[in-house]
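Input: structures, listed below.
In the two complexes below, chain A is the common chain; its partner is chain B in one and chain C in the other.
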Partner chain A sequence: MRRKQQAAAREGGDWCRRRARRLELKPRGVGEIDRGAIMAQQGGDTNDSLRLASLWHSMHAISQQLSPTPGCEGIDLLQAHNFDLHCFQSLTGTKFFAVCETGAQNIEVLLKVIYELYTDFVLKNPFYEMEMPIRCELFDLNLVQVLQKDRVALLGR
Partner chain B sequence: MAPVTGPKSGDALFASVDRVNAELFTLTYGAMVRQLMTDLEEVEEVNKQLDQMGYNIGTRLVDEFLAKSNVSRCVDFKETADVIAKLGFKMFLGVTATVTNWDAEGTSCSFVLEDNPLVDFVELPDTCQGLQYCNVLSGVIRGALEMVSMKTEVTWVRDMLRGDDAYEMRVKLIKQVPEEYPYKDDD
Partner chain C sequence: MQFFGGGSSLTSVPPDAGTPAPAAPPGTGTGGGPSAQVLYVFNRGGVCLLYREWHRPLRTLDPTQDQKLMFGLLFSLRSFTSKIDPTTAEKGNLGVPLLPGQGCSFYSFKTNTYKLNFLESPSGIKLILITHPRTGDQRDTLKHIYNLYVEYVVKNPLYAPGTPIK
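For the complex of A and B:
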């Protein structure tokens, strides 16, 4: 049973690399974001992100099948004990998700702004290959700026 | 952050994106086609290459369009065609297209462009008969629609560079291909 699960996870992961983006809401190497401080994650690397993204992608897909009524588009919000996970799915199927503190406001708007940043700085980069991890400096720079602005708006500093 | 609003109109969209000098755009495209003709020599090869380039552009362009225009999911192909003609073309080319010639099932229609910024100053010589100069546009539409789960076929019906009175491309919806998940029930 365990081997089946691992094989399925690997297959799912390989395939899920294609359609999931783990949006690290901070420069590369930093982990979860909370509005008060940006914390560094121990040993966060691309493989961890991809694994998380593929896991999320699978959960998102399963939720569509779990829904008692047809027309479920997936998970928008996951509320856990000490964090919230907000997810935004574009009409093209690309998902952007953000892990933040419980009760964080306006994350959906933030995710939409990040979607625009993605279309401007990632998709328009001719050397960015679709479905690959994002390594675009301009995207990272602008992302940090958006987050700083958002933080200033919320905290006033 | 600004509150989320409904879909923008074509003019508002066009005004909100960064624009480039139209001549620069036209001349760059012309240089590209000219270079392809020199490199590939065969008109059919150039047509295919333009379509492929358009396809690659379309797959990326659609996300920008969806992000900036804020449109919601279209209920049917008719709405999709209207959105492309009124908002899509307006946002990226600054011109609107008209949608005509719907077939009985509502899966096939024509986009008619009176004005086409790609072809300003262009005259096709006799050596380039058979060249679909604007083939990149058909690729863009095909690529963009494929990213939103629609498999389509786009062909040129009328071309002003060949003496017709307008540019008309026929878009046919072949099938909807919803996202598939590779879950197996047994192993």
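For the complex of A and C:
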């Protein structure tokens, strides 16, 4: 429980954008940004991403306070006119959020898979320092693979 | 006048001349329990014009704090969504106050205990409806509420804009 509160200062954001044809990936590390496998189409810079990620983190926390019933765990899904944002929060408070197109299905499953990849390739990596940008090749490779598999599954149907 | 009940279907509302705002029925609506829990209406400056609750077991803050927090959350969420929007290339800076139509805006977000539905009119009137997490798309309901607001509140000659609706 206490770790969860300590981890309130720390967050992980993983940003993938899915379209009918194109798949973009912009993973974000814990508190920082990782540009490993990026097609930097957005042209967003590090500071912007940092700001957005911390803004998301605080809004996630505020939304818990505004709940009319007890036991709220923060925003799971945000629906906007042009996109959907799915968020997955692990038990330690690390958040993975994905921006996708409006009707996307199964993103929660995808986020859980990405969380598993994170624990396998990032946390178990002895050279990875906590709260720093993720620069683990295996993580990036596997992430791209998972997304491509998912995309094939989506388009293949 | 039935405000609404356990679903998003709305029957036509009979005109109710005389009351400046729709009366909120307590607790249960039609068909199996309330799904609406709390309603907030804010104006452009952050003044809470209307606050109605039907089912709110937990109150973490006192009413004024709660309203300010709600307004602040929505303000930041709007600037967040317009910045994170993947479809538009041009984005303003975070922290710049956005006009009502500017940038991509969200219409709902869901947590495990509640769902918040949001509508912003071009004049800056924000309608927030908190419901059960499984309710469907409430955009039409919110538009209906906004029409009621226009009909009975704005057109009421005794109502001063910017003050809470009585």
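Convention: the second predicted complex is superposed on the first by the 115 of 157 C-alpha atoms of A that agree within 3 Å, B and C clash if a C-alpha of one lies under 4 Å from a C-alpha of the other, contacts with A are read in each partner's own complex, and residues count from 1 in each chain.
Simple rule for what comes next: contacts are C-beta pairs under 8 Å (C-beta built on N, C-alpha and C of every residue); 3 or more make two chains touch, one makes a residue touch a chain.
Bear in mind that the values here come from a model prediction, so they are computed numbers and not experimental data.
Of the two partner chains, chain C is the only one that A:99 touches; chain B does not reach it.
Look at A:120: by the touch rule set out above, it reaches chain B but stays clear of chain C. In the superposition on chain A, A:61 contacts chain B only, with no contact to chain C.
Legend: residue contacts after superposition of the two complexes on their common chain; A:90 is shown touching chain B, with no touch to chain C. When the two structures are aligned on the shared chain, A:108 is found in touch with chain B, with no touch to chain C.
In the superposition on chain A, contact is made by A:153 with chain B only, not with chain C. Applying the stated contact rule after C-alpha superposition, one finds that A:72 touches chain C and leaves chain B untouched.
Common to the chain B and chain C contact sets on chain A is no residue at all.
Against chain B, the residues of chain A that register as touching in their complex are 4, 7-8, 11-12, 15, 19, 61, 90-94, 106, 108-110, 112-113, 115-116, 118-120, 123-124, 130, 150, 153.
Chain B meets chain A in the complex at residues 1-4, 59-64, 66-68, 73, 147-149, 179, 181-184, 187. In the complex of the two chains, the chain C residues touching chain A come out as 37-38, 53, 55-58, 60-61, 66, 69-70, 72-73, 76-77, 80-81, 83-88, 94, 104-114, 116, 130. Per the touch definition, chain A reaches chain C in the complex via residues 17, 24, 42, 48, 51-52, 55-56, 58-59, 62-83, 85, 99.
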